[in-house]
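Two complexes come next, and they have one chain in common, subunit A, joined by subunit B in the first and subunit C in the second.
Here is the complex of A and B:
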């Protein structure tokens, strides 16, 4: 086996260990600066990931390092860099063990990079668990706050339940096909003619998909989202909604494309995914309507986005997958910018109510602009990245309209979701520029300037760059995404 | 003669018992036991299939599951102990600090 294939993944895990080691010799007051080490290391890994992009596909047993894997790995490392920078601005609020927070972020990232290439059920399981177990610790990292602890326990119980269901699904797939590698599963599934075995295989696939839908936060596995998003430390929430969600998507894409081509002609698979997409979009949009806690609001918005991503999976072709990849690229910048602003603004009052945003345009123009643009992008208004993301997704679905019955209903639900989401997204923007503070409090909202920590500023500038850049010049990213998905669904048929 | 179907029936029963325990019981430790039961049901099914198909991949998978379950329990029990220290309770009905 050639170890150089997984040098990126191993490098990330080693970086985490290195941070833990250096922590031993670092005096307490300087531990915060270990974040620069983490950022530097991850940036080196990020540059390295580009050098491996065009080296062609390499598949070792159960692990493929193709363009899709490299695209997602670059994506995860980018998200992790931004999250580590955000964590550094959050550091004063962490009472102990800030370097563990950096190290755990690296470990979760290692899990995600493995997930990007997982093409056997063993790899899928190990990668999912590496991500999930790390996130149990990360969400409950502020043990002294009851909310953080509580969100950790809720994530733990529901996450463990979903992975138990997934493991049982793996057992069923193995039982019906006798293989764990995706390509062997596909071969066995295509060859099998016995009705009971096919049923067992389909049941197994559904169970594994539901375990992955939990990571994606798709209905009906979305119940943990609001509480965990609210209770977890804000940088962790940001990583959860960008990295962890995308890991679920890449695992799902690969499972559907490489292990289930035998199910492609089955009507129920598309109907199931379509129903989930529509329900997820509507649930996320409707629940966000009356939400006043910013982190919960973004939690519901992230449920709705999971629905749009599923919409791209419904069509089960390369165009849909390409749209999903592009949508995600715009999505992480918007989400990370929004969480960064919330993290900085909520520090002052230790509150996440929407009214803390009042007068933000006077207090910190940069943060007001960043939050406005990220919300506008999430809402899908031109010319930002979010608009093009939603546009390419819907276009991919429109193109497949004739081949799949029932699709107009799903598109209709998505459109309604977009319209509803405009209302609550613009509630946030109204609060920034015309907010009057809390009606039940006498005092006017402050207009004092609000300091933005330097690392948070870097994150915001990078996110703004990404949002505007992807919105105005989408072609390079689109062609990268197209290249990554060019032989995803066609090759294995 | 005990065949594959007997193992599978036991495995499905164990899985349903674990799921039921997770849904019905409100004590975190007992819910956690239900989760372990679900994982072990999957292990049993994997080993049975592996034996029946004369293929060792399934048993390798079981080693992975056992290891991961141990890690999960270590983290999970630590969280439950931390919660108990903070709130003196193990009941999920008391986890109500966050609401709409």
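Here is the complex of A and C:
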């Protein structure tokens, strides 16, 4: 086995171990600065990931290192860099072991990078578990806060249940096809003519997809989202909604494209995904309407976003996959910027009610602008990345409208979701610029300047750069995404 | 023409301490783009002749030139989606750009009332002006939509932050939701168009439609409906108009001037430029519906305007009513009707700018626009009063103003196709319009000064400039409409396609 193929993944895991080791010799007050080490290491990995981009596809047993994998690996590392920086600004609030937080982030990242290339069911399961188990620890990291513990336990129970479903699905697939590698599964599935075996295979695929939908937070596996998002430390929430979600998507994409070409002509697969997409969008948008807690609000909005991503999967072709990849690229910058601002602002009052944003435009223009732009991007309004993401998704779906019955209804639901989401996104912007605090409190909201930690500032500037850059000059990213997906759905046919 | 946008970025980098620089920078940028617009307007025919020679002598003239677009610029933007940065003007575009630049400059002049957070306000105003100027010039459907949204979004924030009155928040919400739905429907229509033609380039789509590559009748009527209702919401087509009066009443002066005067015209512009020429079969199905709905604009909103006590609500409702004439012109799909529609668009843009500018000045003086409270202003504000009378008179279609010329042309054009609707529209335009405008004049200017009448000062010296410019141009186009009709008629390729299909059902 050629180790150089997985050097990036191994590098990330080693970085985590290295941080734990160095931690032993670092005095307590300087541990926070280990974050710079993590950032530097990840940045090096990020640069390295570009050098592997043109090497062409390489497939070793159950693990492929193709353009799609590299695209997502770059994406995950980028998200992790931003999250580590955010964690550094969050450090004063962590009472126990800040360096473990960095290390665990690296381990979760390692799981994600493995997920990007997983092309066998074993690899898929191992990657998912590496991510999920790390997140059990991460979500309950603030042990002194009841909410954090609660979120950890909720995530643990529901995550374990979804893993169980997934393992069952894997067993069914293995039982019906006798293979674990995607390509072998595909061959066996195409060859099989027995009706019962095919049924078992289909059932297995549905169960694995359900397990992944849990990561994605798609209806009906979304119940954990608001509580876990609210309770977990904010950097962890940010990573959960960017990295973990994207990991679910890449696993789903690869599973559908490489293991299930035999199901491509089946009507029910598209209908199932479409129904899920529509339900997810509507659920997320409607629940967010009356939400006042910012982290829960973003949790619901991330459910809705998962729905749009599923919309791109419904069409099951390369255009749809390309749109999904581009949408995600714009999405992480928006989400990370929003969580960074919330993390900084909520520190002062130890509160996450939407009214803490009042007067933010006076207190910290940078944060106000960053949050505004990220919200505008999430709402899908030009000229930011989110608009082009939704635009490419809609284009992909419209293109397939004539071939898939029922799609107009799903598009209609998505459009309604967009309109509903404008209402609650607008509520956030209203609070920033002309909010008056809580009406039941006599106290006027503060107008004192609010300091933004240096590292959080870096995150915000990077996110703004990404949001505006992707919005105005999307061509390079679109072509990268196009390259990554160019032979995804056609190759295995 | 990207001048305002560049200036917006420059101003964003300047710290907020230098207060005056934002105002003067904005004025300079809008004035600069006004000068360029005048230059383009003046040079239009010369350049067009050159371009025509080019077509005659050179076989492979660019497609844009063949369709009457000059001053074109093109560079690729998002190649993989067939989107390019492609701008240029034709006859319709050039008059719209001139109007937009005029109103933008006037709006910048009238923004003096803004005392808080000036930096943000002027940046947003510049974004608005630059975006909408660009939208009128773009030859790429995606760019057009993109720039229009860029101009639209500041409206919401401006109303929310600097708006006035009790229900500014409600108004901001309402206008955001309505206009976003409209934009979304339009986007859906555009994507469907794109999927058929595989390009967003306006001229390539026009060319393809010209040589017979049209959508099937069913999808044409679907796309046309999406565009008509989507753009209709943006233009306040009855019964989707309710956002407009409330929004304008709550908006700060400059925003109301820009939105009512210029941005709202974009939907009509796009209907004429895109929907009619590309989707003749769809137009055939939906234009009679549009004609009926526009009656709703003219009659219903005219009647609503009669009952208004607030000056801004009155102007807002009357501006919705005026949109009815443009819709009627479009629905007629005749050369005369469309020419008239564009004329009304230009005239109403200037008029709305003038009227909202004046009412904004009054609000600045008196802090209220309730016509029961402020009466008999002519004596104390002769200049303001005279202008107001003129604006209101122009609003009810008095000959001599550009509005009269435009509305008359619309009626000529629409008479053949919809005699009944045109008849009702004419009657109501004259009577209802005259009633509310005259009532407003009587109360506001000639009425008895109440005991609670606030102290007011007339507009002085330099502040008169923006109003004077708008009124002068309005009169100029009114007495000499050929100035714009000649330009408009140069867009013959668009018109040829737009009028190719007459609605079959005549009443």
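To be clear about the criterion, the second predicted complex is superposed on the first by the 493 of 493 C-alpha atoms of A that agree within 3 Å, B and C clash if a C-alpha of one lies under 4 Å from a C-alpha of the other, contacts with A are read in each partner's own complex, and residues count from 1 in each chain.
Methods note: contacts are C-beta pairs under 8 Å (C-beta built on N, C-alpha and C of every residue); 3 or more make two chains touch, one makes a residue touch a chain.
As the structure is a prediction and not an experimental result, all values here were calculated from the model.
Measured by the number of subunit A residues touched, the leading partner among subunit B and subunit C is B.
Looking at the shared chain after the overlay, A:156 reaches subunit B, while subunit C stays out of its contact range. Contact with neither subunit B nor subunit C is seen for A:21 once the two complexes are overlaid on the shared chain. In the superposition on chain A, A:179 makes contact with subunit B only, not with subunit C. Applying the stated contact rule after C-alpha superposition, one finds that A:47 touches neither subunit B nor subunit C.
Once the two complexes are overlaid on the shared chain, A:171 sits against subunit B while remaining clear of subunit C.
In the overlay built on the shared chain, the residue A:474 is in contact with subunit C alone; subunit B does not reach it. Look at A:122: by the touch rule set out above, it reaches subunit B but stays clear of subunit C. When both complexes are aligned on chain A by C-alpha atoms, no subunit A residue touches subunit B in the first and subunit C in the second. Of all the residues in subunit A, the ones that touch subunit C in their complex are 361, 376, 381-383, 387, 391-392, 394-395, 398-399, 411, 415, 418-419, 422-423, 426, 429-430, 433-434, 474-475, 478-479, 482. Those residues of subunit A whose C-beta lies close enough to touch subunit B in the complex are 121-122, 125-126, 129, 133, 136-137, 140, 143, 146-147, 149-154, 156-157, 160-161, 163-165, 167-168, 170-172, 174-175, 178-180, 226-227, 230-231, 291, 296.
In the complex of the two chains, the subunit B residues touching subunit A come out as 8, 11, 15, 18-19, 22, 28, 31-32, 35, 38-39, 41-43, 45-46, 48-50, 53, 55, 57-58, 60-61, 64-65, 68, 71-72, 75-76, 79-80, 82-83, 86-87, 92, 95, 97-98, 100. The part of subunit C that touches subunit A in the complex is made up of residues 77-81, 117, 120, 145-146, 149-150, 153, 156-157, 160-161, 169, 172-173, 176-177, 180-181, 184, 187-188, 191-192, 194-195.
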